[in-house]
Every structure is written in C-alpha cells, then in structure tokens.
Amino acid sequence: MTIDLSKYQVRTDLALEAQEMAALGSQIPGVWNESTNDGGILVTRMHIQTDEGARRIGKMPGHYVTIEVPELRKGDTELQDRVATSFAREFEAFLTRVGVQPNGSVLIAGLGNWNVTPDALGPLVVENVMVTRHYFELMPGDVSPGYRPVSAIAPGVMGTTGIESSDIISGIVEKSKPDLIIAVDALAAKSLDRVNTTIQIADTGIHPGSGIGNKRRGLTREILGVPVIAIGVPTVVYASTIVSNTMDMVFEHMKRQTSNTQPLFGVFGTMQEQERLQLVREVLQPLGHDLLVTPKEIDMFMEDIANIIASGLNAALHEAVDTHNVAAYTH
Amino acid sequence: MTIDLSKYQVRTDLALEAQEMAALGSQIPGVWNESTNDGGILVTRMHIQTDEGARRIGKMPGHYVTIEVPELRKGDTELQDRVATSFAREFEAFLTRVGVQPNGSVLIAGLGNWNVTPDALGPLVVENVMVTRHYFELMPGDVSPGYRPVSAIAPGVMGTTGIESSDIISGIVEKSKPDLIIAVDALAAKSLDRVNTTIQIADTGIHPGSGIGNKRRGLTREILGVPVIAIGVPTVVYASTIVSNTMDMVFEHMKRQTSNTQPLFGVFGTMQEQERLQLVREVLQPLGHDLLVTPKEIDMFMEDIANIIASGLNAALHEAVDTHNVAAYTH
Amino acid sequence: MTIDLSKYQVRTDLALEAQEMAALGSQIPGVWNESTNDGGILVTRMHIQTDEGARRIGKMPGHYVTIEVPELRKGDTELQDRVATSFAREFEAFLTRVGVQPNGSVLIAGLGNWNVTPDALGPLVVENVMVTRHYFELMPGDVSPGYRPVSAIAPGVMGTTGIESSDIISGIVEKSKPDLIIAVDALAAKSLDRVNTTIQIADTGIHPGSGIGNKRRGLTREILGVPVIAIGVPTVVYASTIVSNTMDMVFEHMKRQTSNTQPLFGVFGTMQEQERLQLVREVLQPLGHDLLVTPKEIDMFMEDIANIIASGLNAALHEAVDTHNVAAYTH
Amino acid sequence: MTIDLSKYQVRTDLALEAQEMAALGSQIPGVWNESTNDGGILVTRMHIQTDEGARRIGKMPGHYVTIEVPELRKGDTELQDRVATSFAREFEAFLTRVGVQPNGSVLIAGLGNWNVTPDALGPLVVENVMVTRHYFELMPGDVSPGYRPVSAIAPGVMGTTGIESSDIISGIVEKSKPDLIIAVDALAAKSLDRVNTTIQIADTGIHPGSGIGNKRRGLTREILGVPVIAIGVPTVVYASTIVSNTMDMVFEHMKRQTSNTQPLFGVFGTMQEQERLQLVREVLQPLGHDLLVTPKEIDMFMEDIANIIASGLNAALHEAVDTHNVAAYTH
C-alpha cells in the first residue's frame, strides 16, 4: 500500500514539535537553534533561515520562540509571574526585530471562539490586556509618557459571525492604521503534556489552516501591510495523535527491555510512524471520532495562561509598565 | 435664576417618551401617530415627517415603532412568542420601507459592552441570531431557498477595544458589503416600568449620544452608505429621572385630592418640570450619584428580551423561517 | 512479569460498557438484557440480578437503563426533544420500581464541580429543572393538581466546599425529608463516541469512586434512608483508555486483512488487553498525563444534554407536564 | 389621614443608616459609637447595648462595624488591598469577641442567588475564599501550622432550590460541626452612594427579612447552636428610597437659600419623612415599580468587593496568612 505521507503527518502548530519530528536528533540545514533553562522555564529560540529548512520542518521561514513550563498547570502564582516576565522579555526582542518604535501603535487580535473554552485563548487575552488607544485619540495631551496606543479586538469565528476573521481584522486595520498586529490564537499540539504549558511566539503571522478553528485566510504582513507577530498556546491534541504518540512510546519502552524488535511487534513494529498514524485515523474516522481533545480542567488553565500573556504583553508594550509589577495590570 | 432648559431635559432614547413630554396631550404638527393593542401588546407607529416635528420632539425625522408589553418581565414564554411574532411583523415593514430585497444581505451590529449586563443587549442578540452568510460564501449552490446572507458582529465599546465601534463596523462594511445594517443597542428610558418591557425599531440609524454607552460617532446611512435600521430596548433609567418623575406623580396624586395647588407645594409646586429636574441633578451631582440604575433582576430579563429579538429577526429576515415556529431557531 | 489485572481494568462508569468487556460476546449468568432501537435512539435495559453477575461485570446489582443516541452531538433540536421523551418514559419506570407515589417528594442532587465544564452536568441539570417544593411549603392550598414537591441542590465538590458532598446531601435530607433522591453526575466512559451521546439511569445510587471527581462516600439508600436513582452522562475518557481502545481496533482492522496474527504484531499482539493497558499507563504515568480528556466542543454539548435531562425529569416527575410539550419547561 | 409609621420606614439593612435616621444628630441611650478615618477608609464601630437602643434603631442588640470607602468603586487595586487589610483587622476582633479559638473550625455561608448579580455577593465570596477543612479531614497530620479548618457553601435561594437556605445550612452544620458560622449576604441600603462602597460586620447573625432576597428564617446562634458573624455589603436601593432621599436633599438645598419654609413647599414641606415616603410608595406601587435598583456597572463592582472580603477573611482566619500579602490568596 502507498501512503500520501504529507496527508498523514502528525498535526502540530508548534514549530518546535515539527522540528523534533523532522530532525529525529540530527541537525536540519538552514535552521538555527538555541535553548536556555531558567528554573523550570525552558526557552527555545529557533530561526528557520532557508526555504529548504522551512520545507523540511513544514513551517514558514522566520523566528520562533517557544517557552515551555511543565509545572505551569499547577496553579503556582509565583511561577506564573516569572513566566510572564520571561515572555515579556522574549516578546520585546520581537518588537525590536520587526522594527516597531516604542510609540508605534499596536492592534491585538484575539482569534478563536469564546464559546468553546479551549479555542477562547485570543478572546481571553483581549479581555485582560491594557487598552490605551482611545486615550491617545480623545485626549492626546494627557497620556503619561511610557505608553503606546494599544487597541484590541476579538473578531469571532466564521461560524458565529458569517465573516472571515481575516476580513474583519483587515477592515479594522484600514480604519485604525496600527503599526503592528499581534495575533493570539489557540493551537493544536502533538504532545498532551505541552497543552497549556507552552507559549509560542513567531514573526511569521498566522497562516491558513493553523490554530484550532480552520482559518481559510491568514493574517500576514503580505495581506495586512504591517508586521504580524503571532502568539499561540497549544490547548488541544488530536485523539489520533495521542494514540500514535503513545504507541511509539510503548514501542520504545518495550525495545529497551529486549534486543530483537521483530518478534515483539511483527509487521506493525516495522511500519513508519506515518503509516501507523494513517492506520489509527482509518480506524477512528468511520466512528467520527478523530476529535480534538483537551484536559478536563481546561477552564481553569485557560484563565491562568491568558493572564500570563496579557501581563507579559502589557510589560513588553509599555515602557512605563515594569516586568516586575507586571501582574498588577490585569484582573 | 435662568435655566438652560435644553441641558435639563429628561433623558430618554425612546421617541415615544420624547413625544409624550413634548406634546403634553396635544398634537405636534408634522408627526403622525397610530396605536393598536393586541392582547397586552401595544404597538405605536410614529412618523416624524418634518424638521419642525423633529425639533419639537428632539429626535431625527423618520419612522419609529414602539412595542410595549407591560407583562413582559413575568417570564411567560407564550407571551414572549407572541411578542417575537409581533416584532417580526413590524420589522418586515421596515425591510420593505428601506427597500432591501428578500435576498439582500444583512449585517447585524450588536452594540454595547458584554461585561455590563444592561449594556449587553446587542452582544446577546448577536449570540442568538441565525448567521448564514458563510454558507453563501463557502457553498453558494447548497443553500436552501428562502434564506438570505446574514452576518453578525459585536464590535465592543471604545473603553475595551480602544477603537470607535462605528469605525469597526465601517471597516467590516467595506470588506463584507452588506445591503442593510441592523444596529441593536440598549437604551435609557424615562420611565422605570418601560425597562425591558419595550422594543423600539427606527429607520434613522444610531446617532451620537444615544444608547447607554456614549457613542461619539453614529451608525447612519450617511456614514455607512447603506440603510441602517436601529433596534433598541430600554434597560436603564437615570436616578435623577426616577426622582423627577415620581415627584410629578406625587404632585398629580395630591392635586387630585384638593383644589388649591399653592398651599400644597408652595414655590416648589410652581416650578417647571425642567427646573425641578435641574434641582434634583444639582443635589445628586456633588455626591457623584446621578447613576444609571437598572432593576436587580436585569440578568434574567436580558436573556429573555434578546431571545425575542433574535427570534423575531430570524423570522423577518428569512422567508423560510415562519413567524409561528420562530422561537425554535434560537437557543 | 505478573500483573494485578484488577488494577488495570479499563475504567468506565457505564454498566453497558463494563458488561461488553466482561462478556466478550457471551452471556453472563445472572444478568438480564433487552434492547430496542427507535429511530436512532437505542435503549438497553439491563438487570444485574445476582452477586455473581455483579462481580463479573464490576457493577452493583440493580437495574440499569442506557440510552444511546450517536447523532446527539449534532445539535438537532427535534431529536433532542425525542430523546427527552424517551428518557422521561424510562425514568417513569424507575419511579414505579422504587415505589415512589405520584405525590411523593423528590430531591434532585446535582453532583460535580460547576467550574469544570465536563464535571458540571449535575449543577447544570439543577439549574434547569422545575423546582416546586417551596410552593407546597408556602401555599399548600394553591398548588395545581398534577405536581409533586421537587427540590434541587448542587452541593459542590470537596475541593471547593471542604465538605463531602454526601454529608451535605445527608444533612439536607434530614431537614427536608424527601421520599426519593435523584443524583445526577458526569461519568467517565471507555469509548470516546459515547461522550455526551449516552444517558445511564440506575437504581443503585452513587458509589464511591464513580463519576469524574473522586467521591469518597456514596449516595445510596443504605446511607440516606430513601431510594436513590442515579442519572449519569459520560463526558470524559481517560487518555490511556483511548489509546488502548484504538490499539485494539487497529489490531482488529489489520487482522481482517490477513490470516496470520503472529508476524503482524509479535509478542505485543499476543498480550491481553489488560497487559497492554498497563503498558500504556506505565508509559503515560511518568509524563503525568493519563489525563481525563474531553472533546473540545464540550461547552456546547453540556448545555444540550443538561436540558434534555431536565426536560425529561420535569415530564416524568409531574403528571401535569406532558411528554409532548416537555421541552417548554426549561430555558 | 393616619399612617402606620412602622410600615413606612425607609428600608435599610445597615445599622449605621438606621441609627442616623433614628438619632437625627442626637445620641441614642444604650448605643455606643466610635469612628476612625484612615486615608479614605472610614470605620465606625457601634455597640447596641440595650433593648431600648435596639428598639429605637430597629436593629438587634450587638456589635456592628461599618467600613465605608467612598472611592471603592473606582477600581484602584492599591486601595482595595488596604480595605482588605482593614476588614481583616476588624474581623479578627469579632473572632475574639465571639470566643472562637485560632484552631476553631469555620463554615462560611454565602447567601443569595448567583443568577442575580447584585444578590450574588455570598456565592462570589464562597468561590474566592480559601477552603481547608478537607485537608484536616483527609490528611490531618500534613496541614502546616497557622491554618484552621474552613469550609464554604452557597446554599442558593428558596426560589431555585425549593428549600429554605437556613434549613440547608442547619443540616450541614449538624453534619460538619463548625465552631463558627460566617454568613455573607447582599444588603439594601438607604443611600445610593453606599452601594458597593460599604462593608458591615455584625455579631448578631442574619435575621428574617434582612438582605435582598426575603429570608423567612434567620441564621442565628439560637437557631444553629454556634455563633454567627454576618458580613454584608449594600448592593441595591429601593426606588422609593432614592426618591424620598432626594426630595429631602432638595428641601434642604432650597431651605438653605431662603428663611421661610412655608411658601416654598406648602403642606408637602411640612409632612414627616415617613408620610412623604408613604406617598411615594402609594404612587409607585400601582405601577408595580418600587423596584430594587442597582448601578448599571454592578457586574464589575461585585467581583472587586467579593475579592476584598475573601482576601480579608483568609487573612483574619489563618494566622499563617499575613494581612500584608492578603490579596495573593484569591484569584
């Protein structure tokens, strides 16, 4: 049997996971990497520099920063503050990279559906972020130094508005003329333990098909005319991905206890990861349940991670907001 | 003492109340009126035909329909269905009047702040209305006859987005090109017993300063290039209005029991309504509490009235949706 | 390696699934079964008559009715009404079975945590059900015939109240003296496609360890002194269960395409289901992610299923409420 | 005309306002008073020592502390923290007064209806307070020193549960045996500017007819067998109270500008406050709108004040929780 492998890739919106799958331990040409670990906060900076690297990994060329905090779901507020500070620091580097001035205006677009908890990351961040643009419009002389104009909108999803969210954002951009767009969206991950423990920042914008809801059009500099920084958090995993991942882990686990693979798994053990994933999907599809699944406590996790991102954005966007008191600016 | 009366009018967004105050029982030239009462549902159709009429009443020239249902707050679902049907019938007349074809596309703009319950009418209607435009975009051949393209957006308020809601709507109109805009907004009434028992429809659009939040720019045909039908429900009353109204009622009540006014109220009784209202405001202002107030059960009322309007809109906008099964299309 | 199989059973709160696993196609002595399918609504009535049957299946002796509606997640309101009617009919049989008179008073206990969406079934049903007991207390002469006293309480979970929910219910039972308790709770299923498509009714009460939150004490006739009918809906599945289930399906699928099992899966293929499940758990545990997972649209499903149960209970509990207009009594 | 004055008192649940109305500037025998003002936080400690004092004021004998913070509705988080600290200090004095030991167990009862925003104070405090009792039950050896067992329950209202909230609390008290009950409830005030700016603490428990919902039975030491400390915040005002109050202020205002009262207001001006209130109610009643009204931003105010109380309770109840980091313990 022949398999169209491209259709049967494990689906992930995290560049880090895509690279892990593509590299299998080796280095991919045209891709630069760096990692630091600061007290349980693992920051990986990746630069996909060439089209070849992009093709291999399956993500657009550009800069990606991934902040992984395995303990983040435990609800420790002190750790949350440290993550917000880390996030703010990394985000500031992106502001410099895309060339936005300290007084440049910013539109935060919170993508996703606020009625579907794991898809509500964008709307939740929008609800918690400091909005200042109207002060600059209504009483420009009265705004304290150290702030920039920030506006924020949650455009909803096509199923509830009838309009592509990219069209809504594009219309608002033409009227309000921001210098930068920050697009926040919930993502699908490969690994269940990255759900709500990981934040990705990228200067590539949002591309069609990424995120939880199926975007048909993207949010990119090409489309909108201004730079777009994307912020994402994985909040769901495909059921088929969980199964396929765990099978791999089971195989690894059993292999470690013996030397001969063949009799352990037979033909099944010799299949490529993609072939096995196809098999899993074939089996799940007719039952209609290759569902996107999410941990049952997702309601509580969402609130926390949205606050971390909102706090971090407030600190990164306004010089007058300090990364040390960053948590005070949201509720 | 001289009083700038224009500043001290009782504030109401209902044309019906404005007319009552201006007319004091007599007929205002250039204003046409008609009322029908169908089992507890009082429908008043008003046409402000001349600028003189508009000036006297303090509302824009145009058609206004007011549906008053004193029993509406009792939560009777059978009555709610009848009101939805009445509303649908009146609304259809507006569709004909502004010249929108049965297949003309419609954008419903739900104004107001969803975090402030009495200001959340617009967002609640948007959440409950049938949205169909994306079916026409994605699979135009597959849409059953009897439907038109409807999109819906809740643009938020300037305090939470940083952008004028009229700019957001205007940007979306340019991208999605609707033939008609329906703007839904919460209103301030003069009379506490009209709160959540009254629906107003008008073909004048939304004008600056109307509604609960202070709009600085309007939503009108002039600004947006397409007709705008406004739907409003009073959900709040100014504290000063309640006081002033009740004082008037007290005076009326006492007068009915005697023939000589002078000794009953002295100088106070001979003041004009506006003078007394000014006095009340002077007294309330320094304490900072000329608040907009709302009944304590507002949470429950809002859900019901938003459902009535959403059901009525579904029936009025789509030929395939019957006014008799109108309630089934929302949740 | 030896495995304590009892520890590694696939976890399910559905008696139907437990029986499927225990029976493997054959009949279990002491267990009676009957199924009917009425236009997409599959009703299975099971009676575990003996201790031997109970031990084999791993569920308490008693009557279990399972209503399965694979299409239920599609949001079809007409189907929802039919399911409510089916549920009401089956529930009425339980009322007769436990010997509660038509005017016997009922306490509905909605177990679970309203802050965790998939655990909020009980609180959501409590919010939607008709409560009438206070009318009987305050104006006993004025209640129309055909109603019985119904009270309803959501006692919360130990993590948020600090008190066992069974202690709270028990205290309320002593004060309010109901003749019957109906306990509603969210369940864990084996099969992802039973999540929010299945309702279980049982006359066994609620036993420790069942449901999503870990109850330490049960709600049973022995503890509370009155009969307890339990209503449950599976809303979550263990990640390990999904993996293990899918592996089985993959094996079945591959076997169907060949005759020789051995070379296909090797040692792995010859393992017992429990051994494989243990392996899966061993692999998932250190990563801390044998999570309870739930479909991402769980928010929407919960509202619908809670309404179906509330409507069905209203019709079953009050003679004056007809199973044909059953949906009208909730909002 | 003769008036039953007792029926026409301005309704207030604040002992401070009741005293102001009764005293009219003079001292009431048997009532002790003390006030301090600390940077915008006005604390008044009142002790109604005799039955005569209680009769005059219309409140039960006991200790009342009122914390008034006119600026509290402005959303200043630094001020909120200071108020939480003040509240904690005053509350600790009550703990000492009722004789509860530092390790004595506490049940917090959050009265009111969570579906009616201004009545949701109790449920909101319950949701935000630290609950610890289950740790003492499940792993008594592992609890750090400096904590006491705290449980918390929101019993709902009779209209939604069918059971008196005092019966529910009483049943739970018998099962969980707390040493102290803290009852939190929303109140009605006389003055609109005390809404959500004032906290009252009293060692008298909750009496029938107090609070927003009409309690038919109280929560007192006599009924429950353990001391009951009540915490209340005014969140609503009767429409008739607003009108009546403002009329008084208008009269005061006009009197200050002239020396002769008679011609200013006539008979109306010579009426007693109660007579005028009766008149106002007579006028409002037939229209069915002597409503409880609340500021339109009540949603936002409720969250803030509930957090202040929850933070203050955490600090007052647990020695290990410091009044300086008090805000960190809630979300």
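Residue numbering begins at 1 within each chain, and the chains themselves are lettered A, B, C and D in the order written.
Convention: a residue touches a chain if its C-beta (ideal position, glycine included) is under 8 Å from a C-beta of that chain, and two chains touch if they have at least 3 such contacts.
Because the structure is predicted, anything quoted here is derived from the model rather than measured.
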- request: Mind checking chain C against chain D and telling me if their interface is mostly the same residue numbers on each side, over half, or mostly different?
  value: same
Centroid-based (C-alpha) most distant chain relative to chain D: A
Field: Approximate Å spacing (C-alpha centroids) for the pair chain B, chain D
entry: 36
Statement: Cα centroid separation, chain A vs chain D, in Å, comes to 46
Message: Can you work out the whole-Å distance between the CA centroids of chain A and chain B?
response: 42
Field: Shared-contact residues (touching 2 or more other chains) in chain A
entry: 115
Field: Residues of chain B defined as touching chain A within the complex
entry: 115, 127, 131-134, 149-156, 158-164, 167-168, 170-176
Task: Give every residue of chain B touching chain D within the complex, in rising order.
output: 115-119, 192-193, 212, 236, 239-240, 242-243, 246-247, 249-250, 253-254, 262-269, 276, 279-280, 282-284, 287-289, 291-300
